[in-house]
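A single structure is presented below for examination.
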Amino acid sequence: MTNQTSHAHHHITPLKIYLGIGGTLLVFTVITVLVAGFDFGPANILIALLIAGFKATLVAFFFMHLWYDNKLFFVIFASSLAFLAIFIGLTMYDTERRAELDPIKEHPIEAQAAMYKNRPAVTGGAAASHGEATAAPVDTNAAPGH
Amino acid sequence: MEPTIPQTHYLNSPKGLKSWLFTLDHKRIGIMYFAAIMFFFFFAGLLAIILRTELLNPGRDLMDAEAYNRFFTLHGAIMIFLFIIPSIPAALGNFLLPLMIGAKDVAFPRLNLASWYVFVGGAIFGIYSLISGGADTGWTFYTPYSTSTTSSVSSMLLAAFILGFSSIFTGLNFIVTIHKLRAPGQTWFKLPLMVWALYATALIQVLATPVLAITLVLLLLERTMGIGIFDPAMGGDPVLYQHFFWFYSHPAVYIMILPGMGIISELISHMSHRKIFGYNAIAYSSFGIALVSFLVWGHHMFTSGQSELAAVIFSFLTFFVGIPSGVKVFNWVMTLYKGSISLATPMLYALSFLVLFTIGGLTGIFLGALSVDIHVHDTYFVVAHFHYVMMGGTVMALLGGIHFWWPKMFGKRYNEFWAATSAIIIFIGFNMTFFTQFILGAQGMPRRYYTYIDQYQSLHVFSTYGAWVLGLGFLIMAIYFIHSLIKGKPAGNNPWGAIGFEWETASPPPTENFVTQPVVTHGPYDYDKVLIPREMPTRSEKVAR
Amino acid sequence: MADHAKTHAPLDEHVAHHFTDAEQQRESSKLGMWVFLLTEVLFFGGLFCAYAIYRSWYPEMFHAAHKALDVKLGFINTLVLISSSVTMALAIRSMQLGNKRQTMYHLFATLIFAATFLVIKYFEYSHKFHLGQLPGKYYTYTGIEGSNPHVFFSIYFVMTGLHGLHVIGGMIAIIIMLVKTSRDRFNALYYNPIEVTGLYWHLVDLIWIFLFPLLYLVS
Amino acid sequence: MDTTGTLFLPPANSTLASEVDPLWGFLFWSSTIMFAIVMAMIAFFVIKYRRRGQDTLTTGNAHNAPLEIAWTVIPTILVMIIFIWGFKSYIKFYVAPKDALEINVTGQKWFWSFDYPGGANSVSDITVPVGKPVKLLMSSKDVLHSFYVPNFRIKMDVLPNRYTTAWFEATAVGDYQIFCTEYCGKGHSEMLGKVKVVGEREFAEWLEKSSGMGEGLSLEEFGAQLYKSRACNTCHTLDGKKLVGPTFKGLFGREEAMTDGTRLVADENYLRESMLDPKAHIVNGYDPVMPTYQGILKDRQIDALIAFIKAQQ
């Protein structure tokens, strides 16, 4: 990994690119909010992550100059994401597959933490203030656990 | 002609306490780290001897159960966070890395000083936790015990959190230094293997320590606000904590061993005046260990309620992390072939490393096999395994490194006879203490037990005698090192006749390291081309003459 | 391979004694910052892992609890942070062109956007404090069904709180850059500190780009 | 527990042990041989190539591709064998046979308690029939513990709020040591117990005797039996000494000051409430650590215990 030793090569990104990338980011922010309105089932989180990932790559390549700079920086950034993926992937490989061999290991014994014991069951979110969708009114004697 | 110590060198110029407290010189920061880690090593070592003495008989000998639990937690936490992780990278590494690559200093000297003061800050929190009663959770802080106990766990967590940043700063500094400040002509494959090892260690320090930081932050919040991520009473999951903890802590054991392997590659080659066997294999295996070490943490949790399928994956990957270490041992053994082996003290420690680390590595294979691990997990077998690898490995390598570079660091020679004697006493005491623990563990003696059933007593007594012998060995070492600092004879620039930039400058070196910028003219271990006269006759020559 | 063989450029006062020239110092400082950003990604990564695991363990609770977050405020915050990224990038560009006044203007704009972000965050937090939607055992709100709703708010507060702290850290760095620029410490050939602060700031924005959909848009 | 097992292991007293011991033997001998080879080479080289007299240039050969490939491939094959062998025997560990006798194990700070099908229960010692598979369904009441029987080679952590399972089939009658191997505080090293393996017939008799409702006994005698089998004795004494909880001696009818300032007489209702909802009223000077017995103790058992406490003057 020999780094470029070109002398005093300071890449100056043209204004047009910065503003263009900034605009695209704003547009995609709007898109991700709109897309969240529809329900694609399990694919929701995938789409949200894809859009966020695309926006992140735009920021990384153009605002953080990964596109022009020494490739070593890109290797560092990519390896940070790779090791994060290893961490999340292997940990979730365990947390998702605990009940494969014995269904009793699926769920915790008590679903609710102890602190909810002497709490009134879920009331409608009547006291919700502006901008917060009121929780669907729930008949109060429904057991709080799912 | 008799070697002499130069008039001015980094130790005596500039003068005064302030020049030490605000120094940016990597050598002085290395010496300050060296003093701190040796203090913590002897302190935690004393705790270990007290623990072993307590275990002479089942039931109460010196203290009651709660005190015992706090003592073994302190022994573990200080040895790991305050001694073994900073020891080789921050103490020897800081001193040697710029010298070995012909640089004037590390890439970010101010960050280097910051890492020292963050280390001191973390140590202060650790000592505060010790004074205010100490934690009684073991160094792993497993929840929900760590979230429900009233002992001063929070200050110990804060200490570990702060010390993590000292480790990140050192790692970051070394990565940039090795990439950017190498001497002209020094390509990656002309670097001494110590530099490769420090590079691989720095990668792990930088990649793993942040996850420890977030784990400790979440655990602190769990204790204060009950956020319910790790505490089952609040809907959390203790096994998730173990995943978070071991994702750092297994790579951390490679932060401990890789620099030790770097020192051993140097010692074996320089002390036998022979080209290192399989340079590329050793360099790549350091790098390989650094990467694969992130895939295997689940083997600490085979019996923890983790999903059995995940356990199988972790066991499979664990066996691949053992192969590079085995390859390295074979390369070191082959380096002895047709060498000119001097049995001075550094070589004694390198050879005892080979013996003890091989035992440690092989018992690691026992622990990697799924069904055998179920029997020996959390027993003394594991205690013996990690002492063989950490003390038999890293500490022996550190001691070998200290003896090898002592003349370069302080310009003085130590007493060769007492050094060799203490090395042998330490080797014997170590095996007495820990080989018996393999047997104890195989028979089911659990870990962290204050008292035990009578049938284990004879082995515990033998192990405690071993601990006393070990303590004696280290006492002798402390004495002759202090004597050497005060009245040691000058050692000259290259007492061992070794190849390396650090041996081309004065001992102790001037503040700016090199008078003229060193340039690479031959490989780091070209003992088949370069013959360097030695100024210090080693013991074997005195015997031979 | 460091570039010593080059003729020694006149050592201007910006280059530290142990570097051979400005280019090596600049590359070193950027490499150092990128490695630091690696630790930041993994530091926040731990929280993303906790988020992913608890979302798969309590899917309905996450769906119900995310309604308590105000999507409009989150959306405005995202726009604010993206614009602060744009102004930060322009600040670096104008210093590369040696235009001190324009650099200070852009840095100041970034600072204002950052402050706006924090103010909006303050409103969101105070609204939740008022309703009792607090992390862990302080959670007293009863409008969300599903088990252990306090876990969502624990993750929400730790993630956005830690991100907020990093925004504050970034603002301090930008203020230092503003002061140094006003004292003519930088020129078209030496602007490392601003570039490095910019890298850090873009990462703070990048983390929010992931935080926004994951926390606010759980459909 | 004697140590007459092979190669440092304790005796093998369960079917699973016969899965583990061969692999342990293979690991033991292959490691010893590998270690011996490496040590012999080191010793030979150090003696043969010791430095004598003046330095000379040494050999430069630092590569030997076939050798290097060999000592990479051979250990890889060796460890793969060990992995597959370990994996095969591991499968037998985690799937309990269908017809196993299921016993609920509860770990709590510093003793084990066992609940058998049919209502029988015991503390610290678990009684099982020989030659029949036994499945343990385990959970903890407070912190992590770990159920470990060296002679059966089984170990499994016991988690609060989640079930974990382990199983064994004892092959010989006798008492086998139980350890707790996950650090759990002050009494971690005293959280011991015994697996009492008995014949088929004795087990049936024992089960009958201890799961009954004390038909042949008076209320007070049945209460005395429950006082031990329910581990009341670990926290409440009969001789007046204060332990984790108040002593039963002279408790009945005495007026006690409660932590919330009220004063209550220790009558039948207070005792019944203290068993079903212990944290409702705590006597001054004691910690609210008593676990609830709601749904665990049946009415006749509660009456028996109250009768027993009443008799402690």
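As written, the chains take the letters A, B, C and D, and residue 1 is the first residue of each chain.
Heads up, the rule we're going with is that contacts are C-beta pairs under 8 Å (C-beta built on N, C-alpha and C of every residue); 3 or more make two chains touch, one makes a residue touch a chain.
Quick caveat: nothing in here was measured; it's all calculated off a predicted structure.
Touching subunit B and subunit C together: A. Highest inter-chain contact count (C-beta pairs) belongs to B-D.
Mean C-alpha positions place subunit A and subunit C at a centre distance of 15 Å. Between subunit C and subunit D the centroid-to-centroid distance comes to 49 Å (mean Cα coordinates, whole Å). Centre-to-centre, using mean CA coordinates, subunit A is 41 Å away from subunit D.
For the pair subunit B and subunit D, the distance between mean C-alpha positions equals 35 Å. Touching of two or more other chains is recorded for residues 94, 161-162, 164 of subunit D. Taken residue by residue, subunit C touches two or more other chains at 1, 27, 31, 35, 38, 42, 45-46, 49, 53, 137, 147-148, 150, whereas all remaining positions touch fewer. Multi-chain contact residues of subunit B (touching two or more other chains): 179-180, 207, 211, 228, 232-235, 237, 239-240, 244, 305, 308. A list of each chain pair in contact follows: A-B, A-C, A-D, B-C, B-D. Interface of subunit B with subunit C (complex): residues 103-105, 107-109, 111, 168, 171-173, 175-176, 179-187, 206-207, 209-211, 213-215, 217-218, 221-222, 225-229, 234-236, 240, 244, 517.
Interface residues of subunit C, counted against subunit B in their complex, comprise 1-2, 4-5, 16-19, 24, 27-28, 31-32, 35-36, 38-40, 42-47, 49-50, 53-54, 135-138, 147-148, 150-151, 154-155, 158, 162. Per the touch definition, subunit A reaches subunit D in the complex via residues 101-102, 104-105, 108-110. Against subunit B, in their complex, subunit A makes its touches with residues 1, 3, 72, 79-80, 83, 86-87, 90-91, 93-95, 97-98, 100-101, 105, 108, 112-115.
Across the complex, subunit B meets subunit A through its residues 179-180, 207, 211, 228, 232-235, 237, 239-240, 243-244, 247, 294-295, 297-298, 305-310, 313-314.
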